[in-house]
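I'd like to ask some things about the structure below.
To keep things simple, chains are lettered A, B, C, D and E as they appear, and every chain counts its residues starting from 1.
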Amino acid sequence: MPDQATPLLSVRNLTVTFPSLHASAPAVRGVNFDVGREKVGIIGESGSGKSTTGRALMRLLPKATRITADRLQFRGEEILPLSDRRMREIRGHSMAMILQDPKYSLNPVMTVGEQIAETAILHEKLSRRAARERTLEMLEKVHIREPERVMGLYPHEVSGGMGQRIMISMMLITRPALIIADEPTSALDVSVRQQVLAILDELVSANNMGLLFISHDLNLVRSFCDRVLIMFGGRIVEELPASQLEQASHPYTRGLLEALPSLLHPKDRLAVLRRDPAWAEG
Amino acid sequence: MSMTHKSQGLRDWLLNEDFSSPAQARAHQAYVTWLRFSANPLALGGLVFVILLSLAAWLAPFVATHDPLQQDLARALLPPSGQNWFGTDELGRDVYSRLVWGARTTLYIAILVTVIVGPIGFVIGAAAGYVGGWADTVLMRITDIFLAFPSLVLALAFSAALGPGIENAVIAIALTVWPPVARLVRAETLTFRKADFVVAAELQGAGVLRIMFRYIVPLCAPSVVIRLTLNMASIILTAAGLGFLGLGAQPPSPEWGAMAAQGRQYLLDAWWLTAIPGMAILLVSLAFNLLGDGLRDILDPKHA
Amino acid sequence: MIAIENLTISFGRGSKTSHVVRGIDMAVNKGECFGLVGESGCGKSTLLGAIAGRVKNWQGAISIAGEQVRPEKRSHAQLRRQQMVFQDPFGSLHPRHTIGRILLEPLVMHGIGDRDARVEKALEQVSLPTRFRFRYPHQLSGGQRQRVAIARALILEPEILLLDEPTSALDVSIQAEILNLLKDLRERAGLTYVLVSHDMAVVAHLCDRIAVMKDGQLVEISTRQAMIDNEVQHPYTRMLREGSLGYRPQGAAITA
Amino acid sequence: ATPPDQLVIAINMGSMRGLDPHEANQIESAEILANLYDRLVYFEPDALNEAKPQLAEAWTISEDGKTFTFTLREGVTFHSGNPLTAEDAAWSLARLVKLGLAPAIDLRQWGYNESNVDTLIRATDARTLVVETPEPWSPGLILGSLASSACSIVDRAFLADKEQDGDLGRAYLQASDAGSGPFSLRTWRANDIMMADAFASYWNGAPAMRRVIMRHMPESSVQRLQLDTGDLDVATRLSSTDLDVFEKAGTIDIQKVQGFGFYYVALNQKDDILSIPQVREAFRYLIDYDGLASTIMRYYGHKSQTVIPSGLPGFLEDMPYSLNIDKAKELLAEAGYPDGFSKVLYIGPGTPYFEFAQSLQANAAKAGITLDLQMGDYLSRFRERNFDIFMGRSGERLPDPHAILQSYATNADNSDGAPLSGLLAWRSAWDVPKELQELVVAAARETEPAQRAELYAEVNALYLKSSPALITSFERFDVKAVSKRVSGYVGHPTWLTRWDTVSKS
Amino acid sequence: MSSPELTAPSRKAADNPLPDILRKIATSGAAILTTLFGLLLLTFIIGRMIPADPVLAILGDNYDQAAYDRVYSELGLDRSVPEQFFSYLQSIARFDFGQSNVTRNSVAADLARVFPATLELAILAIVIGTVLGVPLGIASAVKRGTWIDHLGRIVALLGYSAPIFWLGTMVMLIFYARLGWIPGGGRIDLYNDGLVVGPTGMLILDALLAGEWEVFWSAVHHIAAPALLLGYAAMAYLSRMSRSFMLEQLNQEYILTARAKGLGERPIIWKHAFRNIRVQLLTVITLAFCGLLDGAVLIETVFGWPGLGQYLTAALFYADMNAILGAVLLIGLISILINLLTDVVYRFVDPRTR
């Protein structure tokens, strides 16, 4: 593993504010973290700013959004001052993103093959034929049988699990250094979820990529990721190695853990989280 | 000081979401809607224009400077002046006053058509959408037949069949306006028909009428209101078109389309006879369009 | 309390007929909480719909509280006996009715008097402040809405509550509150539950007996303890169980 | 600008219905037919009581006035190249009678019908046509009828090929011609355009205009602009204001062509109120004769309150009525309606009816009468006597006082089913005083011109005094605005304006 | 344990494809037939309701009773109403719309003559409207809230609100009467009339085919103003619709995906979003085209355009029953036909409906 010292991504004091009629609190406030060639999970309740953080890294938020950071470096390069053009070169090429629901995140009127190849053509200036080859290759890598046939299908003709694999192949075809996956499996069934995660896991480690895995499923993050960031109210309240999640010290994290019904360790009553406004300030 | 204090209190009462009575809940809804609406200057402009026009129509006897029917052949075709603000027509009548009284005709047609079409479209659309099956097929076939004609052509054919006159024009226009409304209501009904809250009510024992009128109608209402407002503009244009072709209001009652048509004969010497009523039609129709767009922005966020 | 025999539900006609539920037999005892798990599209909601009276095109026999029900039409008394809570708290409340109105409606439909008191009591039951009566659903959080939906079901004093994934749209912390509430209510009012969920842990938390459904059929009816102890029979049940425990990094599943 | 050898005329073709001379009954068609076809005789526009030879070189009239013997011109050919013979003439007139369509009235009114026409109108040789009348009539009436567009002579041999299902070539003639006139039809598209080319072998020499084009141009302002820019030679539908502009500028010749009829207001005598003589009289005081004459009616009419147009025997200049609201109120009070009443006034569409009616409406309102104006095609109501008040104008193809008087002042049977719906008096349900009716018939049978003129003067005076149900206010004029480059285009009172006399500079 | 890899509903249902297709054709055929029948019934009723006497329209005023009776029975008015309707249906089935009282031609021939004029105008207008309106709407959506958006919306709103007959009249007043830039109505200069009698009846096309340049330019000169005005109306509608369609698409998740791939604005708009609104656009273009027939009725009157609209108004005016029925029916048929056509085109453009 080369270059563990300088992380792939380094974020300091990231703050994101959406324009609004009322003067509102920022959606993400002073967030600090690093991502290396590892799997980092972000968990937190709905609205805690997980997706916003992920999108801010790729500068995919609406134009009027205000993003500030003391540092927002990707492979040593400051992201925020980059020109749009340069940013587009990075997106999809060295930093990619997988979205939640393949039903909505794939273009319904383009064939699957066309959509995957598009990325390759765009960033690697491949010919159509070469892009096609790469697409087939990629589809095989995500364990799709009959890739030839699947390439010609439209998104509504494939199942959710397959759609998510297509999404993965579309984003990984250029072998990016960092992938941001925003709840990539929460629209999927349990059985399919396992497969998709396995594929993602396999590709990430095979290509030595970094993965930022956004989810609200504690069990999943705990078992899938190396490290976990816990967000609350736009802040990262705690950061832990995944294996030590049980030993979390922050009351919010603890609350989440205790609120979770568990199959193996049944509780008569679930603990209810008592929110403390001070957590968001800290 | 106490005034502002009081109004401050009212504002708080209106904005406070912790309601203590249904009246406050409704007042709050209305006030918030108004706040959003008034943030849109164009829509506000449309509303103000429509209100002014309605006032002018209502107070026509006071707003007009002349009797709209008073002829004076010696003073025919005079250009706009201090005495006749918009000039006089071929019979020496005051164009400004005819315009003011004509607002009544225009609004009368637009409102009457809307009042006829709203409930009809509602009942037919909601019945087709909610009851479904056989009723849906029959009702939608009928709607299709009417929709197969461009609306002016159909209105033209009907008002020719019924004979000229405002009431007949109203009927003819109404016949062309209801199908899209019914379609809209049907489409909306279909989206709500399977909604969980409707199913919940069904499972608790609500009857068809109850579901239609207490559950579905209030939800279709905003888009129907928007549609009807925007329709006002097209009704006014259709009515003017009929008037223009001589099928709308009959003389001497002032109707803008007919005024513009009649004025066309004197176009070269008296442009104001055509230009001014036409401009009036444009402005009213514009105002209703702006108003409708504004309402859509606030009532129907999915179409923003 | 609920007895189902050879229930088959199909949609469509002619060549397009699809049998969504096929020959299900099951029985739910009084006061029991019966869980139903299975993958998306396996027919859980449809089965629940048939019990509730929402789905009408079924064959077989359903009896509720010892009374045989017919597919097409149910009497008010039959409808009142079981109530349903839906998955999506945003779609199950009428957006233009106040909370008070939402709770009042069932009372009006059934001609029940003493309405104000009942509404207040229902709100109290689900631990919502009574002043919420005048609010609209959009002014409530997801968890609060789900409470209102439960209150709406409870206001008719049913014997059975049919819960279709009542917490899957909610955050973990809110889910805990709702699950606690459901548990309390059952104990207090002696209700019978049928709970549908994706999440094995949720089902196991509430239910005594758990039925596993696949492609419209019951593959296994098991108990909570069996689930915990991994004493389930069917491989499909086992897979569901493991899925709910988190990610297992073995390459095995990939080639499936 | 229009080429020097083409004449471009703007008309409103809206009411035209095909070009069969024995079927078409509209003023616009008549002008076209006048040029596509010839007739036995014609009248100069300014000499309406003297028939001139056209296809007939000469004629004699028997002592009893019942038999006319025409000698046809030699060497006349149809556009098809067929020679024109007396047989063609006899067949054409018989065709008119036998088709029995609207213009057939021109012969049928003198007693012709399907069964007698073949014996009464006959060719005795190729150049001799004998026309006998069933009853004695003033010869002027017969010659006048023979000059109308309805009595055009058509090409029998040519049409024989075009006949379908025994229709005597009617279907074919709707949009084609079979005449011998100075122009032959080139293109005819309803409500769009008519083009006619000069007939090189016309018996009277080829016309100067190589082509005549008539365009459908219903709008006054469009006609005016085109006339102004020289894209048009003759405009026929100009409004008073547009005419006014031209007259003031003096750049265009304005012809006011006498129209052989009147603007009238018909009061339905089946109505209890309108049948009171004082009420009828009151209406005569509600018309603003002078105001209208100087504005709206300035070009469309000449003030006239009698029933014989100027230039015809019996014309009177008496004009005792003028706008007088007080007088009208007095009369209404006398009639028992001091507070007025309300009636529906039906009018045809367009100028000047529209403005005229609104003026009447306004004056009536001052006298307490509410008139509800209905504008549109209400002729059928009028013909069915199903109206209150109807305003219209009349015009005749026959340049004789009788044509007008028969309609305005005879009503042999005032019952509802009587077959007299062509008569304005019957339509108004006006039981015309016996004395007046008898005088009209006597005048028509009178063969001595001077005596006829005297009788007509008497009729006219009597009509004026009779508080008629048909109130005349203006004698009809049709206005043509003619470019100064055009000469020889002379509007004809019975619509037979010819183009072969036209030349351009 | 097989995972539900491929749920392709369209394929699954295709076990038994032929009867399905037949049934689909049969149902839509039946729907069209009932609509058609309704259309015929409606037009027939309208025709019989018209309160003017068609006999008088033919005869003019001066005639006798015998002439009236003859024409009355020629028009078939002496038969009972159901009988009349039945014979009406029969003749329609033979494409025989009867004879026009006004033109004394067969209505079918008249329609064949006037319709190409309207079609020419409408096609040109819809092309103008689409070419200007769709990009304008899309620009408005993409640049939402900027001055381009405001300008686009105002231009569209004005086109939406202005009475087209009035705009036409004002254009005539200014550009013809005052400035003399455009001709004073009609399809062509008088002296070019009849030089080209082409296969399509659309003068511009016919002149091009015949290589008659003078005629071509004259025709273009004449059609410019009415086509631009109608095109403006269509543009207003289309830009408004394209804007809202585009806005809807731009809020979709897949746009975010495309951005995340690194695509630039242009391909995102044209390759991704636009492809998704094609079907909707097609629908509204169809609607706009049908709406243009409305506008044509008015604009033809103003510009003296000898097309279907003018034919219809003249027919209404003179109670020309057969012509009214024919023209209204033709318009109805065109609308049905166009809708059918778009339905078919859908299936090619949108994979989801295939």
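Everything that follows uses one rule, which is that a contact is a pair of C-beta atoms (placed from the backbone, for glycine too) under 8 Å apart; a residue touches a chain by one contact, two chains touch by 3 or more.
What you see is a predicted model; the values in this text were computed from it and never measured.
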{"item": "Number of steps on the shortest touching-chain route linking chain B and chain C", "value": "1"}
{"item": "Centre-most chain [mean C-alpha coordinates]", "value": "E"}
{"item": "B-D or A-C, whichever has more C-beta pairs in contact", "value": "A-C"}
{"item": "Distance between the centres, which are taken as Cα means, of chain C and chain A, whole angstrom", "value": "32"}
{"item": "Averaged-CA centre spacing for the pair chain E and chain D, given as whole angstrom", "value": "42"}
{"item": "CA centroid of chain A to CA centroid of chain E, Å", "value": "50"}
{"item": "Residue list for chain E, restricted to those that touch at least two other chains", "value": "1, 3-4, 177, 317"}
{"item": "Chain C residues counted as touching two or more neighbouring chains", "value": "239, 256"}
{"item": "Residues of chain A touching at least two other chains", "value": "191, 195"}
{"item": "Chain B to chain C touching residues, read off their complex", "value": "17-22, 24-25, 29, 195-197, 199-206, 210, 214-215, 218-219"}
{"item": "In the complex, chain B residues that touch chain D", "value": "69-71, 73-74, 76-77, 90-91, 163-164, 246, 250-252, 262, 264-270"}
{"item": "Touch list for chain B against partner chain E, complex", "value": "141-142, 144-154, 156-158, 160-163, 233, 237, 240-241, 244-247, 257, 260-261, 264, 267-268, 271, 274-275, 277-279, 281-282, 285-286, 289-290, 293, 303-304"}
{"item": "Chain E contact footprint on chain A (complex, rising order)", "value": "58, 60, 88-93, 96-97, 99-101, 104-111, 118-119, 122-123, 145, 153-154, 156-159, 161-162, 167, 170-171, 191-192, 195"}
{"item": "In the complex, chain D residues that touch chain B", "value": "219-221, 224-225, 239, 241-242, 245, 288, 291-292, 294-296, 349, 351, 354-355, 357-359, 361-362, 365, 373-376"}
